[in-house]
Amino acid sequence: MSSSSHWRTRRQRLALVGEQCPHCQAMLFPPRDICPSCHGPAKEPYHYGGVGSVYSFSEVYTAPDAYEHYAPYVVALVQLEEGPLLTAQLTDVEPEDVYVGMPVEMVTRRLRAEGPEGLISYGYKFRPVPERVAAH
Amino acid sequence: MSSSSHWRTRRQRLALVGEQCPHCQAMLFPPRDICPSCHGPAKEPYHYGGVGSVYSFSEVYTAPDAYEHYAPYVVALVQLEEGPLLTAQLTDVEPEDVYVGMPVEMVTRRLRAEGPEGLISYGYKFRPVPERVAAH
Amino acid sequence: MRDVCIAGIGQIAVGEHWDRSLRDMAVDAVVSALNDAQVERPQMLFVGNMLSGQLSLQENLGALVADYAGLRGIEAFKIEAACASAAAALRLAYLAVAGGMCDVAVACGVEKMTESRSDRVTTALATAADAVYEAEQGVSFVALNALLMQRYMHQYGYRREDFGGFAVNAHANAAGNPWAMFQRPITPEQFATARLIAAPISLLDSAGIGDGAAAVVVMPADLAGQPPRKPVRIRASASATDAVALHDRRDPLVLDAAALSAGRAYAEAGVGPQDVDLFELHDAFTIMSALSIEACGLAPRGHGVGLAKEGAIALHAAHPMSTMGGLKARGHPVGATGLYQVVEACLQLRGEAGVNQIKGASLAMTQNIGGSGANVFTHILERCW
Amino acid sequence: MRDVCIAGIGQIAVGEHWDRSLRDMAVDAVVSALNDAQVERPQMLFVGNMLSGQLSLQENLGALVADYAGLRGIEAFKIEAACASAAAALRLAYLAVAGGMCDVAVACGVEKMTESRSDRVTTALATAADAVYEAEQGVSFVALNALLMQRYMHQYGYRREDFGGFAVNAHANAAGNPWAMFQRPITPEQFATARLIAAPISLLDSAGIGDGAAAVVVMPADLAGQPPRKPVRIRASASATDAVALHDRRDPLVLDAAALSAGRAYAEAGVGPQDVDLFELHDAFTIMSALSIEACGLAPRGHGVGLAKEGAIALHAAHPMSTMGGLKARGHPVGATGLYQVVEACLQLRGEAGVNQIKGASLAMTQNIGGSGANVFTHILERCW
């Protein structure tokens, strides 16, 4: 990922800023210019709370370039409590403790270090909601 | 270039083995399965002598990945005395001494060192024919 | 709009072709399809390919393959739609011929995957997904399918072993296909204990990647001739798209694009799912088979896995699938796969499927899926002599 | 075969769009073309692109652009033919509509080049050449063109400065194009002393690379409507291939594929080179301009350079070329370039070219070249109201 791509996506990656469609109220994350529901322009920012639950998950043993260093790791589809699904890694959790429906919250973490450009990528990951972990 | 690609092309790259079409006698380098002149199968190997002349040339200042180390260098279209043109670097010559029509001969040289795979690529380059250089 | 036939087919065995380059393999398939059709020179060539730019540093494949196949001068295009690149090439060859814009078109799919390091291949395959919101999170292409499978198991109450029927069937059929990469059967026990690559997906849920090339010659029915040529009629050609990212789908467990493209194909051919004698489906992963079966109306939601469990997809059962081994066991050279499916369906319709021949097969369906459901191509083919 | 029109056009300024992603740029162009045509939803989308797999790790662009443009579900394809990818996309949109296979197709070209390191871009551009027998020798794409230019100068007795007319004309015209990357004139002196990048090619022989996207809506003439819409008729659409490697050509200084595709286009339109009011040629390098002019019959062999020297290509001269700045000065986002050419020709034919307007322009030709002459697309467009 280039530095300009990092810059372009900084709000969504670091602060989970998506959109709510001003026309049909569809909740959108990641943000996009055109609402897929009503096809109207969707440029109203919406700051998601960062709390959700695991919709699905997988433990990755064979990783792409620049992620091998981190393997194995857990990736998930997370359903935000406001509705949208997103794709993210889970962190601070043992793979065998993950289950569909597990409450999670967003944290900012290093995604990978890029070799040639030396550019470190930060973004959202999700971890178990601490209270639940404590109660577990 | 992968190691199997190196292996596949070793004869043409290291010994300038091309083909003469058995049907229409077209002289082919690089080798190919189907003769572009008569569309017959062209699998008759022909060992080119490695002598030719410069058809055109350019000095490259901005090089692709893995060649930057060698820049600037001179690339050329070389016309083999048997007829075919090929693309190759010139070596053992000052760029300002190169001219269209300059007699050259094939030598085997390192083309580049591949970073991640550590695979060194050898192949043909061309240098001025020594007698001519002496007479120059 | 003219009736269109596949007048000739060509393929090379899927495998590790370290002695044949990308262009050599494509030429082999194109030339054998032209020979089979007894045609010298097509007017158009559509080359389906996904990875050659990234893995072989070679683009401009349309012109390159045309030239090396002895066809310098003809029109040529490279078409990319991730793992559906080859069926996309066929769809465009079909459009050109059906619309009367040309009389002989060749669709070819080619992929060279075995000469690159596996992490590079993993990265390259992930370009089928959303680069910014999926791949950047470290999600491999296998992992995307694992997310689907995990959710499917949770939502409908299946275990990993329940998916074994797809792989066991594919391997059983590949044993009879001399062009297949894995010509040996596997057992349900082997499936159950296979090594996980992205849980719950194991090596035996996944199609093996390989080098390969397949091609067909597309002509109007009135020029395609009669036996000894055995033209196969394209009764329907259809495609549809969906969001690239799983998280952007209406429902990740429903392949809307597969349903749309199959629906368009059924309507165009005037047939239904039950009329099809064999179905070459996109079994890149066992979960894709289940979702594809449901999207095509062969089973209700959540019941796609059932067809494999019950043995209904075997060669001589109600719904034969992956009849020559499928992506799973014939092998999956991604940008070529869609035309392997079509070539295999043609072999069945021409009565040339050898020990795997389905008696009396007259209507076949193929479905090629790009990404995890983003771009889906469905073709319905018919024996027509 | 139906008469076909371009019913709408869209483009974004060529430049360094660090605030817009690949998909954003494509969507901008597609949406503005659809708005211009007053069409809501096309049936098919053809996305021309060369480099996104290598530079942005993003394939599956057909589905991705369709989805982000609000068109989820429609048919979508990514088309690649090196620097001619965008005209190839138009050619296929034309085939689909002319053949009656669909009523509204969009062709879009998009390229994101400015956010990658220059050595990666150089490597990626070299994938337009023969990977094994050209790129592997360390020959960059610029160097291939330098080999042509050196030989041309030798064979016909020209000096570097003789090529300056192409660049000076392009920059003069770009000054009047608000979408151009370099909106400033250059002098012959600046051309003569510009820094060499692969001798004899200098920075001012070469088109500047940039980010960009352009799109057109293609419809049958009878549906494309009348003013206030200003449909532009596609009088001819043609393409042809040649060997990818320069050393494999019949004669490196003759662009056989350009001659073939222009010849086919002239025949289809029933016109000759002298009938064309403006020519958007593929001036990626000044030598390509000269060879393209010769291949299209606008000058005899060895005399293509003469047209520029004599000023015959200026806006109000006999053969206006690069009327909005050309690849050279409007900028060259490689996989998008072919549709910038078409959009600019449409602006001229619609009378919307502003200060660059050619009075009474009614017939325009565009030629988009993939590789150093391997795959060439020629379109002839006509004002039709």
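First chain written, first letter: the chains are A, B, C and D, and each begins at residue 1.
Note that contacts are C-beta pairs under 8 Å (C-beta built on N, C-alpha and C of every residue); 3 or more make two chains touch, one makes a residue touch a chain.
Since the model is a prediction, treat every value here as computed from it, not as a measurement.
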{"item": "Most distant chain from chain C, judged by the mean position of its C-alpha atoms", "value": "B"}
{"item": "Gap in Å, rounded to a whole number, between the CA centres of chain D and chain C", "value": "33"}
{"item": "Inter-chain centre distance, chain A versus chain D - centres from mean C-alpha coordinates, in Å", "value": "39"}
{"item": "Distance between chain centroids, defined by C-alpha means - chain A, chain B (Å)", "value": "51"}
{"item": "Set of chain A residues in contact with two or more other chains", "value": "5, 36"}
{"item": "Chain D residues counted as touching two or more neighbouring chains", "value": "21, 67, 72, 123, 126, 131-132, 135, 243, 248"}
{"item": "Category of the chain touch graph - line, ring, star, complete, other", "value": "other"}
{"item": "Complex contacts: residues of chain C adjacent to chain A", "value": "118-120, 122-123, 126, 131-140, 142-143, 146-148, 150-151, 154, 196-201, 243, 245-248, 252"}
{"item": "Residue ranges of chain C touching chain B (in the complex, touch as defined)", "value": "18-21, 24, 27, 31, 40, 56, 67-70, 72, 114-117"}
{"item": "Chain C to chain D touching residues, read off their complex", "value": "1, 21, 50-51, 53-54, 56-64, 66-67, 71-82, 88, 91-92, 95-96, 98-101, 123-124, 126-132, 135, 239-244, 248, 256-257, 260, 370-371, 374-375"}
{"item": "Residues of chain A touching chain C in the complex", "value": "1, 5, 9, 30, 36, 55-65, 67-68, 70, 73, 75-77, 84-89, 95, 100, 111-112, 121, 123"}
{"item": "Chain C partner contacts - residues on chain B that touch it in the complex", "value": "2-5, 7-8, 32-36, 39, 116-117"}
